[in-house]
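These notes open a run of structures that come right after.
The two complexes that follow have chain A in common; it is paired with chain B in the first and with chain C in the second.
Moving on, here comes the complex of A and B:
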């Protein structure tokens, strides 16, 4: 008899509370934004923050409210922006060029002179606090790999010469590595670009020649002899204008005395 | 006078987190910034206060007359779970940002032993309705106090160089332990000195 009471009491209690909750759920119902949920479903879900919003859900909310522009999602690229514009009913895809990170430095402890030996914690920003790094070149890579740690897709790796490299196939263009890098030696270049100037040093040629054998000495051979290559030298550093880049850049790379124009692939 | 005593008891002497070690999950989980710590504290205080009243009513007007006191744990959990659901709905409706900040810890108040703890303590101590409510409220405020103090400490810790092995949760545990030691200073003699 007692067990029956126990059963009834608990059942009645649960019923009353359940009913009260059902009423409350009706009263406090939150209308969910259907558009935002649809957009969230097609976003890559990497939560990389390349769009400038807190995660994919933040960007989806902003898109559905119309406060954000379409096409900010670099991992998703043109495919995602097309799908988003279909949901929003704004028509065609926003054409965005796929950008990838590139480490504009091929210097390392063998080819670049060192000011001192760094023995602190393995973090580029920590090393940068000490006289802007152990390398004599204050513009280049510190080789401690803070960018490897922040990369959400493991596209950055260390090659056999201790150089930090980015795999353009894996890179989703989230720019996290460019933000963590203390020397800003990692810059975004278009995915279609075939070559890049692997140097970030703005010092005069004579200074660069003393401290690094693979740095740009601003000799202007690429600019003068290969005007079609897209290479221009400004502030003692050559750079590739990807809007003008042609196949001639391969010749410029071969002619470069310090071989600092390298293939981007 | 007894109500002041109850407040002092459950905020300082028997602080749920720092002396009774109940509800440690949100103490570490939600204490990263003071804003969400205050929100969590408010939510728990509300749940504790209301839960004290409802569990008192359930116990004294349902379980006791029917001789079913052995069902107290089960029925209390039922009441607390529904209450938390209710609070979750209200917060989601009124403050979506707080809802996001609390995240998984909001539904986890359901399994927060501090809430069930105050309900059971009220019964064993033999409090009446008003005393139960006061005890629940005070316990919630004590919980909030511990959470807010902890979150302020952790915000400061974020700015200080901490050894890599201690960064994050380990240093939080150590600070929590030191806080618990400090709270040991509050004991029953405080109450007798204050209230005679």
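Moving on, here comes the complex of A and C:
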């Protein structure tokens, strides 16, 4: 008798709750955003944050709601933005230039003077706390590889000379490395660029000459003798204007007395 | 036996090494040929330069003007000429502009004359403190006029004077209390005139018994309303939070200031600077620097013009022994290791130490944390340094901030106690920098 009673109570409870659940499921149903799902499917899924949203799904949501601009996904590039505009029906790809990271410094301990010997935590920002790093050049790379650690696709590596290098084929342009770097020596350049000035030092030439054998000494040979190279010197440092770069830059690179104009590939 | 008061949580007892220099009377450094006077000698915004290359400057003349409320004026320590305005890096890795002043060696100094102050209002006196660029001389260099400005609606219960000098080796405050007792006490009375506290307490650690006696005898002779409290010797008692716990038994909650518990804290050196500013119209243009450490030939307490290159100070102390392992500006716990002896002495430079190579810890790759919990036990702020360090190593800065990383005083108790020799304080500094980003 008792047992039967217990059965009945449980059965009745199950019925009521089951019904309540069914109602709740209908009533509070979350509307699935089809557009957002479609967009998410075509985003690269790198979750790198380059778009400025929390991961690819955040960006997909914002795109479907129209609160974000198309073309912010650098890993996806033009192909993705075209596909997105097809889904959104806005037509036409947003033209974005593929950008890749480049470390503008080849000043390893062999070629650049050192102020002291750093023995602290192996992290560029930690080293930067102590007199802006152990290198006598306060603009350059600390060679501790914090960028290597944050890169989501392992595009950054240390070469046999202890220089930090980016593989432009692997880089998806997420800019994470540029955000972690304490000296901002790692900067974005267009993928199509053939050369770059691998120096970030804005001190006068005479100062640079004393501390680094591969730094830009602002002699302006590149700018004056190779006007088509795209090289311009400002604030004691040469840089390449990629809108103007031509094949002449290879000649400028050969003529540069400190050989700090290097190939970007 | 009666136990002396101290703070409760954490703390350590490093060998204090004060015997090296504590009985050396203060000597005055002759003016060097050249001074380098930075525009950032204080916490807060750097001062704006008022002079240009080639300008002549007079001792005590204002050459840099405070650029905001939390900033401080800069004055010329000598008569001379500005030969250059140079970008320099200070011991704490702050980069700023600095005046390079060629000293007029024929006629380097001027006389400062005394003025009575008792008839002046607190506001007028505060104005003097601000005008003359007074900042905390204990090391943190917080602008003193900000500290002494009591906002409307708040009142000061206790004015607590910090004579603790808990860092090993340093004896500059000790010598000051002994040799210029009257002036320090008058400076304290000026600060009291400005802040109108109900009581005034000087906290001094009991390893400076002579200073305690001297202070007490002058106080009773002059009938001043000041109490001197002898404190147990324990590091980091000189920190505001620890000092208030030890002297008036008040705890400052996380993220709050002494004023929130009705207290204003001033260093004895700062009280002396206030005295000189108000009575003599003299800005901080010199200070006592302890020059010590086993690798320093002669140990001294030196009244040094601001802007003196450390090399000049070392030369005055007979140079370095050849067993020097590390140079430190400030105390060994919270000071800064540096490599360049052309860096100048600034308002917050309490000591220049040359530490022996063998005393410096052996260079080795730190072994991982063995979870001994020593760092947690000694942290006066009740933090978990080992946990914070692990989070910071893994770039989880936000998580570390949630565990009150910002409360860390960088006192170094944790790193001092860690058997694995983990660079815990360096980690905390890194975490704070990245967490703020």
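Rule of thumb we're sticking to: the second predicted complex is superposed on the first by the 246 of 265 C-alpha atoms of A that agree within 3 Å, B and C clash if a C-alpha of one lies under 4 Å from a C-alpha of the other, contacts with A are read in each partner's own complex, and residues count from 1 in each chain.
Operating definition for what follows: a residue touches a chain if its C-beta (ideal position, glycine included) is under 8 Å from a C-beta of that chain, and two chains touch if they have at least 3 such contacts.
Quick caveat, the model's predicted, so the values are computed rather than measured.
Engineer: Looking at the overlay, does A:5 come into contact with chain B only (first), chain C only (second), both, or neither?
Structural biologist: first
Engineer: A:254 in the overlay: touching chain B, chain C, both, or neither? Say first, second, both or neither.
Structural biologist: neither
Engineer: Would you check which partner chain A:121 touches, where first means chain B only, second means chain C only, and both and neither mean what they say?
Structural biologist: So A:121 meets both chain B and chain C here.
Engineer: Identify the partner contact of A:132: answer first if only chain B is touched, second if only chain C is, both if each is, neither if none is.
Structural biologist: second
Engineer: Look at A:34 in the shared chain and tell me whether it touches chain B only, chain C only, both, or neither; answer first, second, both or neither.
Structural biologist: In the superposition, A:34 contacts neither chain B nor chain C.
Engineer: So in the superposed three-chain picture, is A:15 touching just chain B, just chain C, both, or none of them (first/second/both/neither)?
Structural biologist: The answer is neither, since A:15 touches no partner chain.
Engineer: Overlap of the chain B and chain C footprints on chain A, residue-wise?
Structural biologist: 121.
Engineer: Which residues of chain A touch chain C in their complex?
Structural biologist: That would be residues 115-116, 119-121, 123, 125-126, 129-132, 138, 149-150 of chain A.
Engineer: Which residues, counting only chain C, touch chain A once they are in their complex?
Structural biologist: 89, 93, 95, 337-340, 363, 393, 395, 423, 426-427, 429-430, 433-434
Engineer: Inside the complex, what are the residues of chain A that reach chain B?
Structural biologist: These residues of chain A touch chain B: 2, 5-6, 9-10, 13-14, 17-18, 20-21, 24-25, 28-30, 121.
Engineer: Name, in rising order, each residue of chain B that touches chain A in their complex.
Structural biologist: 58, 62-63, 66-68, 71, 74-75, 78-79, 82, 85-86, 89-90, 92-93, 96, 164
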